[in-house]
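Read from first to last, the chains carry the letters A, B, C and D; within each, the first residue is number 1.
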Amino acid sequence: MLIKRKNGQAGATRLQAAAAGLAAGAVDRRSFLRRSGLTAGALAAAGSIQLGAVRKAQAAGSSAVSPEVVVKKNICTHCSVGCTVTAEVLNGVWVGQEPSWNSPINRGTHCAKGAAIRELVTSDRRLKYPLKLVGGEWKRISWEDAINEIGDKLTAVREKNGADSVYWLGSAKFTNEAAYLFRKFGAFWGTNSVDHQARICHSTTVAGVANTWGYGAQTNSYNDIRNAKTMIIMGGNPAEAHPISMQHILAGKELNRANMIVIDPRFTRTAAHATDYVRIRPGTDIPVMWGLLWHIFENGWEDKEFIRQRVYAMEDVRKEVAKWPPDEVERVSGAPGAQLRRIAEMFAKEKPATLIWCMGATQHTVGTANVRAFCMLCLATGNVGKPGTGANIFRGHTNVQGATDLGLDVTTLPLYYGLVEGAWRHWARVWEVEYEWLQSRFDEVPAIAGRKARTRKENMETPGITSTRWFDGVDLPPDQIDQRSPLRAMVVFGHGGNTVTRIPEAIEGMRNLELLVVADPHPTTFAALNARQDNTYLLPICTSLEMNGSRTASNRSLQWGEQVVKPAFESKNDYETLYLLAKKLGFAESMFKNIKVENNVPSAEDVLREINRGGWSTGYCGQSPERLKAHMKNQSKFDLVTLRAPKDDPEVGGDYYGLPWPCWGKPEIRHPGTAILYNTNLNVREGGGTFRARFGTERKGVTLLAEDSYSKGSDLTDGYPEFTMAVFKKLGWDKDLTPEEMAVIQKIGGDKIDAVSWANDLSGGIQRVCLDHGVSPYGNGKARANAWNLPDPVPVHREPIYSPRPDLVAKYPTRPDERQFRMPNIGFTVQKEVVERNVVRDFPLILTSGRLVEYEGGGEETRSNQWLAELQQDMFVEINPADASARGIRDGQFVWVDGPEAKAKVKVKAMITERVGKGTVFMPFHFSGWYEGEDMRRFYPKGADPVVLGESVNTITTYGYDPVTAMQEPKATLCQIRTA
Amino acid sequence: MARMKFLCDADRCIECNACVTACKNEHEVPWGINRRRVVTLNDGRPGERSVSMACMHCTDAPCAAVCPVNCFYTTADAVVLHSKDICIGCGYCFYACPFGAPQYPRIGNFGSRGKMDKCTYCTGGPEPDFSVAEYEKYGSNRLAEGKLPLCAEMCSTKSLLAGDGEMIAAIYKQRVIKRGYGSGAWGWKTAYRETVTI
Amino acid sequence: MKPFVVAVVAAVAIALGASVLLGAVQELAYQKFQTSAVRLSSPGTNLVGLKWNGDPTPADITEMTRDKAEEERLDAKGS
Amino acid sequence: MRSGLKLLSTLLVAVTLVAGPVAVGVALAQEPMQAGQNPTGQDPTADAVNEELLFKHESTIRGVVSIPDKRAGNLIQPQGREYRAFHERWLPWIAAVVILGMIVVLAAFLLIKGRMKSPRSAEKIKRYNVLERFTHWMTAACFIVLALSGLNYIFGKRLLMPLIGPDAFGTASQLAKYSHVYLAWPFMLGILLMLALWVKDNIPNRVDWAWLKAGGGVLGGHAHAGRFNAGQKVIFWMVIGFGLAMGFTGIALLFPFTLAGIHGMQLMQVVHASIGALFIAGIILHIYTGTVGIEGSFAAMGKGEVDLAWARAHHDLWVEEQQAKAAGGAHLGHPQPAE
């Protein structure tokens, strides 16, 4: 362990104090010492502090006693709950952690990862200096050379194959500022192929929920679950993925004697504390959801008034639900009808009720449909927009919410503006860059294989390649890939590489890349799979604990993390690395025009201010660095349940903790943020809201605006469209705008001033006036039960590609083959082959994957943490005792797990448990470093390999992508197990 | 004077191992020495419960009694500690400990098994408070800083309670009355010869 | 008297032989409780002392000698 | 009476310890504790496990841990307190009574009956060869040290620590532990050698029965005896029996948890200590008879040859046998007509 916590120089003052205590007999247990004659000689010895030696820095002491210890506050870099980390720093060395009692989210607590996070910064398994792969050997290289060589190679690739041939894979571990800079970097480079872990996390949630009621994010918060009377946790295991959320869930369950229902293929640690547990077959979420709604509609338990006022076309859902009586639901999913009836009654009657979901619902080829079905249950029972209700979407990584908001998504620019021309012009204005220059950065795409050619403008408005299929972008024949050239180079920031399905194909992709750059605190799987011999660079990046920046937790609160210690070894933070790359590629001045850069390190505060200047569409405009820092300083003032500070407080009066977006208007307006989305019981000025009217005002003669429902204190007492200058003029509110605001709007609108909306009015005047009138800037619409623009307007059950029930595939096939995200999605063909080849005969077991509490994401960082690695030393597969005895497998022995594609196989330990049902097996996805039975440790750079290695489950996971977001399907595939 | 005890509310423990890594972090506990660990009973079946266990600092501690060199002592707030200078690593305390708390640096009893190490309730050992020797042999000393053991302070769901016996018993009793169920104070009858009666 | 002396010497010899043999065979906790998937650089020495026997590191050893000693022990154990 | 019961329960516990885990383990594997609760049943919290329920099924509460040290799965094993009760209340009394009792009895016997006189003669007869004496003294020397260091585990803190202070006692105990652990190996080797050397002469036969009936000559009357009389055979089988038992349990204690679980280890320690106490008492008796008890006996092991008259008095059949062999073979010392 790099840092040993032993006393040093600082201890000198304390020793006198201790000696004095001894002499005065104050310390009673010393009586034992005197009797035993143990001399107090040890007092005299005091080692000296070894400063400077970065590798072996020694300093120790405990805060209460030695004055030199400085306390720094940052946010845990692991999951999205957003626990505050209180670090004790002595002489620039992080020596200890104390509970962060004041944070309203974690109230002093941590999970295993948070309590061990100090090791991340002090571990000697970090990537220490830039490395370059030459002939299969890792050679040390300086930062300057690395940046120069990478820059030159990128420019060469660009000349030969165009901007779209370089893939930019960002990270959910970025701070908001780094995520925003990375998306801006992608735009300045000239490609939309900029993605991150949200793709394999909640991409389907964002698409599905946004297309239902406006924003795709957690509507309430962890703390708000304390108000819930009923909670369904479906497709989620918070006990392992979001442990601190369980503090609020269990408190809610205890204080309200709430019904806690877990619906999951496994009897997880969360299910152990549930009041009801339903075991279902993986991939049958929609039948179960329609089963619940069937009982609700059958018995008329739905909230009719809520549906009439705020939901459009619920009758289409009724028609689809009618096809799912209890026996069909049980035939398909295995969930007993009587139990679903009881659960449906609880959810509809014992309100407020909330629906919590995570990867179990999203990682399917029907992910988007799943999520919309979940929203229907909330809408039908009126469980949205009130305390204790809502769709509590538990996001995964520390800043997957922020990185998604800030545009690390191939379908949009920062803050969900999309890729339409208006979006590009908006950001061109914010970045103070010519729109035409941005357009010039994009490739022209010639006509290939019968597809129409694309001008630079059209290509600029076409979504890029998703992170789930980057290797298809390299390997597929060029004519199948709808861009100028297949991918030639990839730049990866903070991404594990073993969390995307079909790793054998990914290795093929890695082999064919001309250039691979991995910027990460650890070498990651990309460096370990022995796929490449040359042109691979590892850049050491520091963790978010070693830099300033804000991150957005799953409950949409932004929290500011202050730098705990300087970046370890030769690592640099993301801002500096992006600045150096931008400088090398020649667009640094324009990219960092309004951002102060001191010796190559851009200021995080300035980046956040730029985000505020452009973040109108999602309400990222009110969270100034000053306000966030004030929140971190006054954490104890925020209420545990409502997350709100008392009104009269001078610094943070009335604010919700972390100013959860949307936080309307400029920071000076001091909008408190919106703790609960779509809450019509509060004034919009107090964080109230309505459903977003983003799908137009009417469709086929039926209004899409809310009826007789409006937020408290709203001047308009019925549905209203989103606000543009045209609407303002009709209402006469344009007179309320100040001359300065009018000037800015005039400049933006030019001749089409009526088109300037609340989202692209940089003055913030429209939003300010909306708040004065107590109306939601984005309008007051109805949630859509029928999302006509999605492949399945009303969610329809479709069997997984590798379904264990060929008989059901005929009745519930997957969607037909189609081109999505620049390449073909041949899910239908693959599913048909699976049925024809009767794959289920040779691969009878359903394989599902998921999280462990000790590891996170790809696991490189946490498996390099000695304190965590000791708790889970072996990759394992959970097998039901019946399946194990049928194959003669003993607990703890090695077994081979064969995957149906590419003859892939993994060697893992068997864990025999009744946690999984008969016919289902489970494997965690955090391991890598072994490949098909072979230990790949020697391919890691010397001394930077994680402590624990193991097989990756995604070596054997299979083809299958959601039509709307290309989400992968690791939650439901097939496999076979045999003894090793 | 407070009577320090541990109480793990098994109806809240989710086996997240925060207590384990908090202990490792606070005292730099090396690999292989597990002062605290979480045991899951009835794993994978309805009624599954996890309990975090280190040393319960028993009343009339069996380990102190069987120690051939009497290297144990109990502090005023009833924390059972021992001196590593006197311990001869014979292993008797492990046979006597009802909770498997003692840990030994070496496997096998021949020659030296290494000095026994166990949970010190974050209050160090017979060395001057906050001294180098104390940290090297017993770890940090939170109680002397007026704090409580870090495992309990950082427990993710506030399941593991540490502090004065009556206080944490009262907290637990209050919880069970409020929520209507409780699987009891694990190990109290064996450790303290009394338990929390609701 | 001679056989008595020889016997005692033999006993001590066998005892020493046993101590050396057993000492070599003896595993440390961090070696026993790690699986084939683990590579540890330094298991840590706090609480168990430099030689992993619980004896505290003598106070007068400076930091540098401790690290050197630790490296030697690790190499000797071939961990 | 209550303490008697306590002793009984401790021994009972000792007996069940070995059988216990095996039987129950099997029961657990067959049917889960709750009557076949279907995992999709309602309200998993309702039947949460608790201590009483688990203790009904098994003597320890065991569960699953994710770390390699599976012993950590033992959450609560109350037998720790019973082991402590035996080790701290019963063992010291047993050891004290047995050992001091033996010493007192022998002292009394010495005072009343005095040393047993043996006839003298000028001639000697070979009794034990070099190898036998070497084995005897190696085992004996080790036994002395093992006994002392063993007793130190029990009585050290009660008797020695108050005298020399905890610090010195600590280092002394450390040395005692090292010597105990390492000298055990030559001791075990010695036991095996003894077994090999003398087992053929120690098979009990009718002569021994007669010897015993005659009270071994102590109560007057004459009894024949071969190379080893019944008393010596008892001692031999005690040394071999106890020696092997101490060796086995000792090795189990040296390599903890390789042969047994927590209860097994407690049992090993209990057996090791109890037999140790008896063993020491037995050897005290042996030392007495070999030195003070019967005049002239020490020479047997001391110099390897004994006075012919002594031999005739105590081992007449053996002398005849030796002389018969001598008559047929090399001349054996000075011939002396058998009485």
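Methods note: a contact is a pair of C-beta atoms (placed from the backbone, for glycine too) under 8 Å apart; a residue touches a chain by one contact, two chains touch by 3 or more.
These figures come from a predicted structure and were not determined experimentally.
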**Study point:** Relative to chain A, chain with the most remote C-alpha centre
**Key:** D
Review point. Which chain pair is joined by more contacting C-beta pairs, A-B or A-C?
Key: A-B
Check your understanding: When the centre of a chain is set as the mean of its C-alpha atoms, what distance in Å lies between chain A and chain C?
Key -> 48
Practice item. Could you please state the distance in Å, as a whole number, between where the Cα atoms of chain B are centred and where those of chain D are centred? Key: 37
Revision key, fill the gap. Here the gap between chain A and chain D, centre to centre from mean Cα coordinates and rounded to Å, is 67
Review point. Going by the touch rule set out above, which residues of chain D reach two or more other chains?
Key: 32, 39, 41, 44-45, 66-69, 166-167, 178, 182, 254
Exercise for review: Among the residues of chain C, pick out those that touch two or more other chains and give their numbers.
Suggested key: 18-19, 22, 32-35, 40, 43-46, 59
Check your understanding: Listing for chain B: what residues touch at least two other chains?
Key -> 11, 17, 27-28, 30-32, 43, 45-50, 85-86, 89, 108, 110-112, 132-133, 135-136
Check your understanding: Viewed as a graph of touching chains, is the assembly arranged as a line, ring, star, complete set, or other?
Key -> complete
Check your understanding: Which of the residues in chain C end up touching chain A in this complex?
Key -> 33-35, 37-46, 59-60, 62-63, 67
**Study point:** chain A partner contacts - residues on chain D that touch it in the complex
**Key:** 32, 39-45, 66-68, 165-167
Review point. Of all residues in chain B, which touch chain D in the complex?
Key: 10-11, 17, 32, 34, 37-43, 45-51, 53, 62, 65-71, 85-86, 88-92, 94-100, 108-112, 181, 183-184, 186-187, 189-190
Study note, to complete from the structure: Residue set of chain A touching chain B in the complex reads 1, 4-8, 11, 14-15, 18-19, 21-22, 27-30, 32-33, 36, 38, 40, 42-43, 45-47, 60-66, 96-97, 99, 108-116, 118-119, 239-240, 243-244, 246-247, 250, 253-255, 257, 267, 269-270, 272-273, 277, 853-854, 866-868, 870-871, 913-916
Practice item. Would you mind writing out the residues of chain A in touch with chain C in their complex? Key: 1, 4-6, 42, 44-45, 47-48, 50, 56, 58, 124-125, 866, 869-870, 873-875, 929-930, 935, 937, 943, 945, 947-950
